[in-house]
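Next up is a structure, given as structure tokens.
By written order: A, B and C. Residues from 1 in each chain.
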Amino acid sequence: MNGPAIRVQNLDKNFGDVHAVHGFSFELHQGEIFSLLGPNGAGKTTAIGMISGLLKPDTGDVWLMGHSIQQDAEAAKAELGVVPQDIALYEDISARANLNFWGKMYSLRGSELNERVAEVLELVGLEDRATGAVSKFSGGMKRRLNVGVALLHQPRILIMDEPTVGIDPQSRRRILDSVKQLRDNGVTILYTTHYMEEAQELSDRIAIMDHGEIIALGTHQELIDIVGELDRITLTIIGESAKVKPVWQAIEGVKKISSENGTLHLLVTDSNQILPEVFAAASSVGVRINSVQVQEPNLEAVFLHLTGRALRD
Amino acid sequence: MKFIDIALKDFYQLFKDWKPAIFLVIAPILFTLMFGFMFGGFSGPGNADQRLPVAVLSEEDNALTETILTSFSTSKVIRVEMADNDASLESLRQAVADEDYAAALIIPAGFSQQVREKSEVALTAVLDENSTAGISVQQEITTITSQMQTAANAGSSAAALYAQQAGTTNSAEMEAVYNNAFNTAMQAWQSPPVTAVESQTAPNGSQQSGDENAFAQSLPGMMAQFAIAGLMGAAEIIIQERKSGALDRMLGMAVRRRAVLAGHWLAMFGMIFLQFIILVTFGQIFLRLDFLAAPLATLALSVASCAFVASLGLLIGILAKIPEQSAIFALIPMFIFSGLGGAWVPLDILGESVQKIARFTPVYWIMTGFRDILLRGAGLTNIWPSILALLGFSAIFLIPAVLLFNKK
Amino acid sequence: MKSITIALKDLSRAFRSMFALAFMFGVPILMALLFAFLFGGVGGSDAEFSVPKTTVQIVNLDAGNEFVPTFEFENQSAGSLGEMLVSILQKENFTDLMTLSLADETEARSAVDEREAGLAIIIPADFTDALIGMTEDSTAIEFYKDPELSLGPQITESIVMSVVDGFSSGVISMDAILKGLGEQGVELSPAQQAQLIQSLTQEGEANGQTQSSALTILPPTDNTPSEPTSLLQTIIRSIMGGMMIFYAFYTGVSAAQTILQEQERGTLARLFISPTPTRTILNGKFLAGFLMIVVQVITLLTFGRLVFRVNWGPFPSLAVFTVGLVALASSFGIFVMSFVKDTKQAGIIYGALLTFTGMLGISSIFTVGTSAERAFEFIPLMVPQGWAMHALQASWEGNLISSLLLTGGMLVWALVFFLIGNARFKKRFA
């Protein structure tokens, strides 16, 4: 099949008065890792729900490997593996029993099923714990098994909904490495996260999502270019921000000033040159600077630039 | 006073969802009424005839059969319903099998002749000898036919004596003597020379009715049973506290272990005591059970009962690892203590061995105490063995609970 | 195929749960064992319902009659009929039922009050006078009972009054004979009367024995099973049958509840994401409940048969009942759970709805032979458990037609429940 792996067209979803997702459209090329980045409550999970066929959109449609999720659901779902955000396993049975069951739900049987179960257990590093009850697993182990279930039927598309939330660094590293390996094996991956570093590390393209819509989409560099070569200076002050903002705005090279939760963010052309002027200006109006952090352009800055809010709330 | 805070927190958790709490009140009331029915409570609405219906097919129609039917119709146990003349034995048997009637009685053709000539009251009854209804009907029929036998003998004797004294064999005259004697005897059975009068120990010398006796068995039984049933939810609070880490948090805040135990115990005690208050009030108002004739005794017995149940609940909460276990740990003693303790069935109708074993169950002492109060007018000084026994059971469950909790 | 996979998965999870096993098997079996123990032990037809022995204090206040100094009966002399009654009750054939001792009235009442005796029998002073017709009014024997005892004093009272009726028969017969003769102008001399009363008293005893053989007892139907059922087996059958039905419905609801549990845990969403149609998923869930109840019912019926030798009835009617119960209990679970939002709400379903409807449905087993029997014949039919109970009762009575009709009713209930429940779930997960 030559077309996009995933085509999403004009998805809308409302829950009562809440517009969870609207005008949601994009395409995923085959074999790419596509990240959906946004803060909590941006609508990522709702979007994923519609793409995976769990939620019925109010308008729009989704095609997975050319199969419409609304018209040809079974064929579409057969192409798809989903790693849900929460652990969705039967904790009172063993890892192997879980994989056996879920494999059957993906129409795997007999020796093919047995082989795949063994492969997946090895892939996620649980071959030694195959017969133990899942309830006895650590959080990281459960997450790995959660991922393993999605891979049983060797899907061509994998959706991973915040798979690394709340797990130890070792397990997280393992998952990220597995994602890259899958991509190398030709799997198309739609990855949602609110961790900027993950999106940066993994993705071929990134969509930034906020309040139910995509506000920016492109490669990492294309998104960074939105903010240009602007550095971000983050400051906390003692004094009134209303007094200091005007004097900072007047400094040449200061492109944007925003504040959130008592923290001030400045987007500037050259932080090395502008920083002393920032200090001097603050001092001139009697405002003391408590802390300073300088960051080179990143997705956090892009989000901040586009929404005026920090990505991590 | 941290244990009071813990108790109040538990109370809030128990009652924030009021629906299970309602169940813990409604279910014992419903079961009380059902078991009360089983043992004779509420004779029936209004003037409804509660006697066992018996279909009667008489293949004869004469003065003798009229007499026997009159005797049956005045029975306090059975209610005669005349079957159609064309009813057959098979149809009557089917009707009894279908439970349209408790039994059927057939007065066969030749019955009168057999009574007169052989003084034999030969009837056929269709009934199930293995059912209580069948047994009751059989006993009543036997009593009435026995009376009829006496009358028949009297009639025969009178006729024979008349023949002897008067030196006649005039059959009409002899029949007149027979009938006279027979009818006189049957009428006399309606008011025999010696009757039975029942009386029983009752508070203040008053006579207790059958209704009240039935509920004096069922209400305390269900109070005890559902107090233990309520532990399923109460113990779960302790388990969840342990599982969620809240217990460790509490202990890390320098809350003493005994305060934790006391708080949980107090909450369970409070929940069950509230249940008892509601049920005692229900019994007092609607079932005419005079708990308040001995208020101190009722209070003391309730406190001792609640103490035992709370101690059991504390042990269950500490032993059980998951909520499902607590449900089973509560249900098993509930069934065993209730069954063996006489909560379902009066102990006196069970075997001697059961009656001996019953004393080792706490429910026995709850039942004994409340029944003494309700049926014998016992006061605080009379029911002290029950109170002591229940406090003893409290200790039996509380001590291991404390030891286990401290060990874990 | 996937439906079966889902059903088998649920089945295996249920059988790992101690809680589920306790409700499916443990409680019904425990109740049956408990009742067997309570009512006289485990075993087949040998196990009998044992009548309790009552401690009786008897008070003989009978003053006798100066005109009749002694009574002769079975080679015994007694100064009054009260004495004779006491000596009859002290005979061996009553020692299984009562332990009798003589006392004065105050002692006897006190013994009952103190729970040292279950019954005090107080024979009045004019007992003999009344029985020989020397008084106009009747007299009464007082039975002073322990109110906490039910059966024992009642049985003792019946026995005493049947003996007294034997005495009464003498005077009643006497009066009847004298009146019958008197109407024809014939009178007996005092000596003839004395002889007559003696023979009537003896006849009265003999009548009792003759009478029991003159009453022919027929069972209700020839369809009753070839093996006799003892009273204990009847009780066990009722209890076990009732518990089996009660907890079959619990199992049905519990099985359907897994839909809500899986929804909350996220595994239901995972199933919906898989290429498994919603219809298949729901069918698998429904099948799980069905299978669980089949295993439960067959196990309990078999247990009852093997351990207690309960006769559940002929195989055809029992099979018909089983099919109806399984269909009804599983579909009831689907129906009920389709109205429930989450597992928290389900708790109240377990607690209140199932207990209430279950109790109502099986109430007929508790009211047999009581004043409420008639009312409780129809009230249970308001709930599905009641239909199941009636069908089981029809089965053990060997009534195939009734069994079929009632099962037909159960299947109609089941169809309605299933259609509504299925439609609601499909709408919820559309």
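To be clear about the criterion, a contact is a pair of C-beta atoms (placed from the backbone, for glycine too) under 8 Å apart; a residue touches a chain by one contact, two chains touch by 3 or more.
This one's a predicted model, so the numbers in the text were calculated from it and none came from an experiment.
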item	value
Shortest path length from chain A to chain B (each step joins two touching chains)	2
More contacts between chains, B-C or A-C	B-C
Centroid spacing, where centroids are CA-atom means, of chain A and chain C in whole angstrom	67
Centre-to-centre distance between chain C and chain B (centres being mean Cα positions), rounded to whole Å	11
For chain C, residues that touch 2 or more chains besides their own	17
Junction residues of chain A - those touching two or more other chains	none
In the complex, chain C residues that touch chain B	17-19, 22, 26-27, 30-31, 34-35, 37-41, 50, 52-53, 112-113, 118, 127, 130-131, 133, 135, 138-152, 157-158, 160-162, 164-165, 167-169, 171-177, 179-181, 183-184, 186, 188, 196, 200, 203-204, 207-208, 210-212, 214-223, 229-231, 234, 344, 347-348, 351-352, 355-356, 359, 363, 366-373, 376-377, 397, 399, 402
Chain C partner contacts - residues on chain B that touch it in the complex	17, 19-20, 22-23, 26-27, 30-31, 34-35, 37-40, 42-44, 50, 89, 93-94, 96-99, 120-133, 136, 138-139, 141-143, 145-147, 149-151, 153-155, 157-159, 161-162, 165-166, 173, 176-178, 180-182, 184-185, 188-189, 191-202, 208, 213, 216, 324-325, 327-328, 331-332, 335-336, 339-340, 345-346, 348-352, 354, 371, 375-376
Sites on chain A touched by chain C in the complex	52-54, 56, 73-75, 77-78, 80, 82, 84, 86-90, 92-93, 101-102, 104-107, 149
Partner chain A, residues of chain C touching it in the complex	2, 5-6, 9, 12-13, 16-17, 265-267, 269-277, 430
